[in-house]
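Only one structure is covered here, and it is reproduced in the block below.
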C-alpha cells in the first residue's frame, strides 16, 4: 500500500470512531506504521474536518517529516510503542465512555464474557496514571501489553489504547473493548442491585475460547478483515 | 421462496442486527432452515461486507454444501436445534448488551412487564455455560426452549439465542428480548437506588396477556409480519 | 383538516416514535379524534410498513368504520378516553424504556427538574395495573389525568399514555416524559452511588415555573407547534 | 462576519445540539454577541423548524430589535452574562441528561478524568437554584464562572450553561460537559457496585494537564476550531 492509499485508509478508519460512539469532538486518534515512521491524525481537528491529506507523517521520535499541521499530542506515545513493539502496525486511542469509566476506578475489566475470552484472552488490563504529551503513556502501554494476549489497555483516569498488526485490527480492538466494558459494567450494576454475583469463567475455559477464536474463527484465507 | 430469495431475505435480516444495536463488528448471526439443511452467515465477516451470495449452505450436521466461505462458528449449534425442533424455521444469535449482562449474572429475566408477558409468556430463561463451536450450546438451547413459551434464551456468560417459525420471527424475538432486558434492568436499578420494589405480575395475568397477544393481537390474515 | 390530511399527519407523527427511541418493532400507537370517532394505527404493523392509508377509523366504541386492517389492540382504551375527556384530541401510547422502568416500580416520577415543572406541572403520576384490550386502561387514564396538570401517566408494569389537544401535543408529552424519566433515573442512581440527595423543588416554585411555561414560553401566535 | 453570516452560523450550530443528543423537542438554545446586543434562538421552536432568518436580535436588556418571533425565554440570562463578562462571545444552554442529573443532586462534577482537566481545568461547578425568565440565572452564571477556569456550569435542578469566546467554543464546552458528566457518572456507579473508589487526580497534575491543553494542544495557527 503506498502513502496515498494509506492516508485514505487511515482517514476512513478515523470516521469509524464517531460512527461507533468512541470519540467526542476532537478526542481520539489512530496511527499507522510507515517505513521508519508513522502516519497520524493532526492535533485538535474534528473528525468532520479530517481529510486524507491532513494526516501527518513523523519519524519514530515524533518529529514531523511531512504535513502542514501539528500531529496529535499523543504522537510521542504512538512512536514509543512502535519503537518498542515491532509487531505493532497500528494504534488507536480513545476516551470511549464505558472503558474510560473502568479506567477512572483504576481497575482491570474482568473476563466474564465469552466474547472477552475470544478477543482479549482474559481481563483487559489497567495501566497506571501517566502524564500526556511525552513518552510516559507509551512506556506504560508497552510495559503492560508486551507479551500480553490483550490488544487493549485502559489507562487510569484517562482512556484506552489498543494495538494491532494493522490499524484496522487496532480499531476492532477499540470497538470491542468499549462493547465489553459496557456489558460488564451492566452486569456488575445488575448483580449489585439484585444481590447476586457476576459468574466467572474458569481460566481453562478462557484459554480454550481464546485458542478457538484465534485459530478457528473467521475465514482462514482472509487474515485481515477488510474495512467495515 | 427459492434459494435466491432466501439469501436476499437473510441478508436483509442480518442488516437489522446492527440497525437495532444488537451486534458489534462481526458478532451475531442468523440462519434459515432449508430442505435438509440451513443457510447461515459466514464466519468473521462484518455486516457491511455481507452479501446475499456470501451466505453459506450446510447440511444439518454443519457440513458445507454450498459456499466459498467458512460458515459461522455457531453453525453446529444452529444445526442441532433444527434437528431437534422441527417447528423451528429460523434462529438468531447475538451478544446484545443488556440481555448479555443478565446472562453474565446467570439469572433469568423476570417477567415484570406486560410486554414480556405478551411476547415471552413469562421470564426469559437462562441456560448454563457451554463451550462454543460444538453442539453443546445447541443442546442447552433445546433442553430449555423445547415446550417453553419463550422463543428466547440467554446463555450464561455468553449471549442470546432466539428461535421462530421463520428467521423474521426469531429476529423479532431478538429485538424484543434486548428491549425488555434493558427496561427490566433499569427497573431493578431504580428499585435498588430508591428502596422500593419492582412490582410483579400474577401468573394468571401473565397467562391472560400471553393468550391475548398470541390469539388476538395483530392482523390475523398476516400471520407473518413482513420485514421491517 | 380533512381525513386525507389527518391520515398523512398521523402517519408522519408515528414515524417520530422510533426516531425518538420510544418504540420497538410494532409496539406503541397514536390516535387522533375525528367527528364521532378516531383514527388509529393498525395492530401489529411495524413503523416501516405503516402508510397513511393503513390507518383505521373506528367509532368511539372502538368499532371499525373504515379500513382493511384490525385497529390497535389499545383502541378501546383510546375510545374510552375520548368519550370521557372531550378536551382531548390526540393520544399516544408507548413502552419507552425509562418511563416504563418507573412504571415497573409502580412509582410516580418525582418533579425534581425545572423541565418537569414546566411541562408536567408536578410529578408524572403512576396508575394501577390494568389488563390490556378492554376499557380498563382507559378508565385508569381518565381517573388519574382528569383535572390533572400532567398530560402524561405511567401505568404500573406496562408503559406510558399521554394526551393532548392534538396528536402533536400528545407526542410532545410522550417525548418529554421519556426525557425526564431518564434524567430523574440518572439523578437517583447518582445520589445512591454517592450518598447524596436529589434536590427537591418547592411546590411554590413548581407552580411558578408551570405558569410561566404555559403562559409566557413559546410563540403566542403559534399555539400549535408544527410537526418536527 | 456580517449578520447574514452570523445567522447562518448560529443556525448551523443549533443543529449540532440534537445531533449530539443534548436537547429534546424545543429545549436548549445558543446565542452570539453582536455589537450592543445578541442574536438568539426564538422561543418554543423545534430544531427542525429553525431557520437562519428566524433568529432574533435583542439588545443587552433582552429587548427585541429585529425579528418576528419572541426570543428564547432565557434571553435575559444571556444578556446579563454578556453585560457582565465582556470576554464572552457565545453562550449555550441545554438540559443534556447526564449533566442535568448531576445538577439534580446539586453537586459539582469532580475532576477525575484527564479530559476534564484538559477542558475544564478542574471540577465543573454547580450553581444554586434560580427561577427561569429573569436575570437570576445569569447572575448565578456570572457569580460562579467569572474568573473560573471552567467554561461550563450546571445549575441546581435545571441544566447546563456554557460560555466561550465564540458560540462554537461554547458549543464545544456543552458537548464536552455532557461527555464527561456521563463518564464520571458511570465511574461512580461502577465504584459503588464493586466496592472500589474512583481515583483522584492531584491538583498539580490537573494544572499541568490544563496548561498543556490550553497552550500546546491543537493547531496554534487555528485558534478557532471550525464548525464540525
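Which chain is which? They are A, B, C and D, in the order written, and residues in each are numbered from 1.
Basically, a contact is a pair of C-beta atoms (placed from the backbone, for glycine too) under 8 Å apart; a residue touches a chain by one contact, two chains touch by 3 or more.
For reference, the UniProt names are A, B, C, D = L-ribulose-5-phosphate 4-epimerase.
Only a predicted model underlies this, so the values are computations on that prediction, with no experimental measurement involved.
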For the C-alpha superposition of subunit A onto subunit C, the rotation angle in degrees, rounded to the nearest 5, equals 180
Please tell me whether the contact surfaces of subunit A and subunit B are same or different in residue numbering, using the over-half criterion. different
Farthest-lying chain, centroid of Cα atoms versus that of subunit B: D
Distance in whole angstrom between the CA centres of subunit B and subunit D is 43
Interchain centroid distance [CA atoms averaged], subunit B/subunit C, Å: 30
Where in subunit D do residues touch two or more other chains at once? 189, 191-193
Can you tell me, using the touch rule above, whether these chains form a line, ring, star, complete graph or other shape? ring
Inter-chain touch pairs (all): A-B, A-D, B-C, C-D
Per the touch rule above, subunit A residues touching subunit B in the complex are 112-115, 118, 172, 175-176, 179, 182-184, 186-187, 189-194, 196-199, 201, 205, 208-209, 212, 216-220, 222, 225-226, 228
If we count contacts the way the header does, which residues on subunit C are in touch with subunit B in the complex? 24-27, 42-49, 69-70, 73, 95, 97-98, 100-102, 104-107, 129, 131-133, 156-159, 185, 188-189, 191-193
